[in-house]
Structure formats: structure tokens, C-alpha cells
């Protein structure tokens, strides 16, 4: 991606796979300002996430990142049914105002709801339409509009899960097979102490997803955040593919994200 | 009702039955400030509505209104299928943001929706709970909370009607039989050129309702609006009853409001 | 403008100058469906507005409208200080939630606010940036974002006026001199019984504006509303110019809109 | 506090001082269900916070907590100017939608804003009025209403800080001297690598505050959250006092919260 940046700009990038996402066998992170190498500092984020802070003078900032990842088959160990992490992801958040949606979730989804039935409800119901939502769109607005992009599908699924007492969070991922190719957003819901990955868009197989950032909603997983100065995104390209054939996914069997 | 008012206060009251609401055989409108009679000016509102403007100095303002109304059996004449009035009441309004709810209405209600099926959907689904909503609550918030008072039931019904292309508006009414007694809010939807009255709360028989004010939503029908100065509502009592027995209402047969 | 329309589509157009806008010396309204003339019905809207209802089968619908208008110098006669019309335009509406903004308006604008000082406050403060707002953006969101297009400037001005007890409404107009040329939205505020026109964007001289539609906010003045079927806007062009030089406007002297 | 609880209810309490809040010299946490002792599990929360999970059968649940705390004079060690924690608390959250308020914050507060000037702006401007806000009120709604309770003052301060690039978070605290006595909410803003405590209500001296829970906004610091079942709060009493005289606070000198 390329940015036009002002003097004194600081960007926090979340584009590298999380430390827990598997074995990185090759990785190349190149930042150049007007063709000259620029410095990057890595910070540890939540859930193994890695933030790369770029401080830049004025100019054209180019950021290129390439990695080869061997997904580990083992997901995270099951946690306690009710630990602090579970409680954190029951809480309402910026784009998932679950506190305001408890009534709707109860009457629409019924007493025996599971994370799976919620993700299926969102998949069956919402129209996947790019351009209908914006950066401040909430799950409630998505419910009303009944349309959105991957982050809107994820936000609505998360909000409904939390409103039904199921801890849920958003994972930004690389998604081989996604069309059109882009960063992707999926849901992790806590089922029997394990974080199960759900993709209410069903646009990419879950077993080849590579975790980048994890958090309450898209506020935690933006791929670039301007912390100081100003940066205008000029160009942007994401590529993710698997060695060999893309696996299939019925989107009903349990999968965990490395 | 009694208000504590500041100097230079102007109140617009909407508590008298609309001119179209039937034959007023007895009517008494008494306004006193600290026990002395105070002046009232009547203005004609939309749809036969009557606004009473009260200009008051500081003191304790008491407003008492009593009327006997013989509801006329004939409703308003059918209008054109698509006249200006119908177009006006298709528009989104303060508490009925139908423009944001078109997607939800489409997927939830289906292509053959009628005003009747919408009012029944709201009746079957929402919980009638006083105190869950406030003066700025919108139909979208009511959908999310799945609970509200009569005005919330009306707003959600109206918003869904408009989102499905059915003109709909709110009528503030006196409702004999309502428990607890209060001003009531119902819906008028345009069906085959006629404004049919629907009560998604089903809390009072429609044939003995008496229209007070009519408009896009509760913004148009507030029983008291402070136009200048300041007035604090201290006490408040509404009584409405019929001569003889209260009629029954199956809430499915068509009824029009005088 | 050109639309791709589905079978059974009904469009309500608001593009002709209001009947009160002056003397129409030439007017041509052409509607063709795939090159063949199509029928148009005119309805009378509020404030002299004219709605043109177009019923269309599937195809490419082309709508062209041209008029020459001689603005009348006399504005509307002053009304009562407090008539029904003034009360109507004190009410909160879809995009002008003045009821929620009373506190802000009071502390920010002070006790001696006038419609002029509010329009000036909005002009001085807001950034005119196309593309920052969408069709559901409210005055409160505009206040938070501090940026918008002409309708956002108008909505914020209207909401603040109403929150300060000043009746205000939106007028959609043709605006010779506007750059880039488009439909324009301005404010009418009730001052001493007269509706004074204010343009918080100051992008076009007020004396050559030509009124199209008038209402509570943009919900009342959309240039095209799909009442049935579906119509996708394909192309769109607005032109408005004066004979001779464009008048100047200091945006402080009182002007009324014909 | 006393709750009426249903079978299978699980409550997460956040009422004990955080582990970092000083030396707890006496502490008593008593939970009884219909007079019989009930079990409590302690979980570690963020920032030294302590969650107490209570699992209860049906009955009347009584929770009493008493502690004596000797506030430590040393605050937390200064962190890096830009670590992960700082980035976390720059993010928009449920009640602090700073992403939508960047424009307003910029024009209203100017380029040289500090956390102190923001807290002072909120203090000077907002009216402290209990009952004007509800559990879902956001900082943007508080800005519009210009009134609220301590959590609303905190949310608006936090949202404006973040919108100006200053990391900020909410701390729920015991506040000796607060009138009327209740749980209190204050702000921590990151200044020169240190979390400085600010109280935009100025209702209690900051040096005797005792931290309970810390988070992005009130979604993280609720004193009781129902994780399963149902619990109705029946009675509720908070007491907090200092040995000796209450310290004074000019609310301008820097204070950190233990």
C-alpha cells in the first residue's frame, strides 16, 4: 500500500500474522519513504497480535509485507467456561451495541440459540453488498439495512451472540480464496471454553485463514491507524493464496483459528 | 394538568378532539393561572387538529379540559391511491427512520406485507413495558429493544409500513378502556385510499377512539409543547370513558377514525 | 437524468419550480421511456411545490426539464408571529433532531441567538466537503463530524434554530452560480413573521435562487422518490444560470425566497 | 446491595478495589443467599481489577463488601510514549465514539488541546443533572444534551481526548466526599507516559479516590453484570470515607491514581 504522508506522521499497522497464527517460514516487511528505507518498531498486541509502528516524514510512504505461514493444526487450549477473557468479550463495544439489542435477540433467536445458529441466521438473511456501509456503521444499523460487507456481517453476528450471553470477538484475517481479495473479518465465539471461528459470509474456507489482529470489533483491528500527522491512502493491494488447492468448507463443522 | 411556569411562557396544547372527530356536544376548556382565568387562542392544525396556545406569566398554571363527543360513523372519504397526502406519509420522520429500515422490512415481512400483517407482527412480538423508552427513542431502537409503550408500538408499525411502501401516520387519541388510562397513540395506514386505524398494542377498542392530533410521528402530536419560557409539569390526569358498555374489538376488521 | 427502471415503477419527481417561485415564462417537461413519450401527472405539494408522478414500464427512462423563471420581487406576506406553520417548523424531524440538541444549542449559542448568528456560526465552523456524509446523516452527526455538503449545513442550521425556539425549514432550490452545479439546499427561518432565506454555505447569491420544494428537512424535498418498483439513477445533470451577471450577496442583508 | 435472583444466575461483580489501589488492611466480602453463605470466585481483570463471580440459586441474594485501603503515594511507572496500552485507549468504544467526533474536537478545542483543557471544558460547560441520561447514552448524545451524570462527563472527556490523539480511559472508583454518595467514574488520560486522573465533575478530591475497575468506558466497569439467569437489583448502598479530613483538590495539579 502507498500513502501520501505529512511531516511527523505516525502509523500503527496491523498487517502481519499474529504470533500464534502458525510458523512464519518467510517474512519480509519493507517500508520506504520516497524510495529510502524507513524505520519500523514492533509492539505486541492482544492475542499474539503484532503492531508495527511507522514514524515518517513527509513524502510517499510505501509499505510492503510478504509472509509464508504454515498454519498449525492445534488451536488454542480450551479455557475455563467463565474466565476474564470470556467476560471481556460479552461486553458491548463500539460497533456491536449488544446492550441495546438484547430484546431483539431474545425474540428473534429463541432460548436455544448457539453461535452456529446465529452465524447461519446472519448468512441466510443479510445481503453481501459492498458500499452500503461506512466506517461508523454499527450492528444495529446493519440489522436495519440488512446488507453490508464482511465486517458488518461479523459485527451483527458478534452483537447477537453477546446479546444471547455467548462471548464473541472479531478476527481480522488473511483469507485465501476470498473474492474480491481483501483483508477479511470473521467471528470467534466461545463454545465449551474454545474459541470457534465462524464466517457468516461463507466467502472463504476457514481452515486456511491466517489471523492478523483480534479484538472486540473493527475498532481493534484496523489495518492502519494514524496516531499522529496525516496519511492519505493512495493505493492498496492484498494477496493471499495457499500452496496447492484451496480446502473446502461446509461452514458447519467446528474450526479453530491458529 | 398543572404546570409551574416561568414569566413569558407560551405553551401549545393539543388535547382537544380534532374538528373531524365527531360532534362535540359539550366542551369546557379552563385555564387558570394562580386561580385567575387565563387567555387561550385556538389555531387550526393539520387534519382538523386544534392547537390551543396559552400565554402565561409566572405561577401555577392549571389546565382542565372536558368534552362529550358523539363519534360519527362515517370515516373520511377515500382519497386517490397516490395523492400528496399519501406521499407525505411515506416519508421518513424523526422517530420513524423508515429510510434506514428498508432492508430489514423487506427480509422480515416479505413481498405481500399489508398494514394489517405489520401491526399484527408488532403486536405479537413486542413487549409492552412502560419505562423502557424515553422521549427520543426511535423505531429502530424499539426494534432492537423489542419493548416499549404505545408510542413505540406505533412508531415501529409506521416505520415498517413506510419501509414497505404503505403510507402511515400517528394519531394521538382519547382511548376509553385503556389501562392504565393515559393519552394513547395509534396508527393510521392508507389502504385502498382510506386511512385505516390500527392499534398494535390492542389495548383499547378502536371504534370508541377520539382523535386529538394527527401527524408523522409523536413529534407532531405532543400534548404540550413549550414554545417560550419554561413550564414544568407537576400533575397530570386523563380520563376517557364511554356512555354504556365499551365495544369489543377483534383488531382485524377494518375501522376508520372519525 | 436517466434511470434504468423495472416494470411497474412509480417515481415522484420534485424538480419543477414551486408555483410561488415566480413567473414561468417557458417550461418544458419531457419524459421518455426508451425514446417514446411517457405520461406524467402533476400533484400539488406543500408551499406551492409541484410533484410530478411518473409511472413507467421497464426500460431506460429519461427525464428532462427546462424552465425560464422571472423571480418576483415580493416575498410572501408576513404571517402571524405564532401560527400553525411556525409551530410545525419548530418540531424535530428526521435529519434535524432538535429535541436532542437543546442543551448544546443553549450553551454554545447563548440567549440572544438569532437565525442569522446561527447560520453564520455554521458557515464559519463547518468544512464544506463532499462525500463525508450519506443519505441518513443527521444534524447531530454533522455537528460531530464538523463537515458536510449543503444539505448537512442546512440541517445543522435548522436543528440549532429549532432548538433555540426559531422556526426553520429547508428549501430545495435551483442556485445559479453554485460550483459545482447541482441542486442546492438552503434554510428558511421565521423572523418577525417572515420566512427569511439563509445559506450557511454562502455558495450562491440568495436573490437568484428558485424554490423547488419546501419542507422539514431533506426527507421532504428529495428530487426523486421511488414509490413503487425500482429505478437506478444512471446519469444526472443540473444547469441553472441567470440572464446577465450573477448578483452579489453579502449574506447578511435580509432576503426572502419567492 | 440486594438482588432478587432466578435459578442458575451468575453475576460478575466489580466492587473490590483493584490490586494496585493500595494496601488493603481489612477486607470483608460477604455473600448470602436467603441468609446462607454463598460461594464467590475471584478472577483477575485488566489493570489489577478484581472480578468476583457469584453463582446463585433462586432467592434473595445479599452482597456486602467492606475494605480499608491505605492509598499508596506512588502512581504507576511512566510507560513508553507509544506502547500497546496507549494505542488501545486511543480506540473508539461503545460510549465514546471518538471516530465520529474528530471534526468537532478539532474545531472546538484547537491544535494545542491537552487532557487538562478538555476536562476543564467539560466541567465548565456540562450541567450535572441526574436522570437525564440512560444506560445506552453515548458521549455524542451527551454533547448534544449538554447534561449528564459522572459517567457521561467521563465519556465525553474520554471521547474528546481520543479524538485529539490523547489516550484516555475510564476508572470506576470509590470517592470519599462525593455527594450524593455512589460509585463514581473518572478519567485517566495518558500525559508524558503517565496515566493522570481527571475528574470533569470536580465532585470529589482525586487523591483519596480508590480504583475499582479500569477500562475503555462504562461497558468495562459495570459494578454488576448478569452473565446468566436474571437478577433484579432491590436495594443498593455505597459508603466511602477517609480517616480524618477530606483532602482538598484544585483539580489542576497532576494526580495519579494508585
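Brief remarks follow.
Every chain is named by a letter (A, B, C and D) in the order it is written, and numbering of its residues begins at 1.
In this section, a contact is a pair of C-beta atoms (placed from the backbone, for glycine too) under 8 Å apart; a residue touches a chain by one contact, two chains touch by 3 or more.
Bear in mind that the values here come from a model prediction, so they are computed numbers and not experimental data.
Shared contacts of subunit A and subunit C, meaning chains that touch the two of them, come down to B, D.
Comparing the centres of all chains, each the average of its CA atoms, the largest separation from subunit B belongs to A. Residue numbering shows that subunit A and subunit B use the same positions for more than half of their mutual interface. Per-chain Cα centroids separate subunit A from subunit B by 46 Å. Per-chain Cα centroids separate subunit B from subunit D by 41 Å. Annotation: 29 Å between the Cα-based centres of subunit B and subunit C. For subunit C, the set of residues that touch two or more other chains comprises 97, 100.
Per the touch definition, subunit A reaches subunit D in the complex via residues 10, 12, 43-46, 51, 53, 82-84, 87-88, 90-94, 97, 99-100, 135-136, 165, 219-220, 225, 227-228.
Those residues of subunit C that touch subunit D in the complex are listed here as 97, 100-104, 106-107, 125, 127, 140-141, 143-147.
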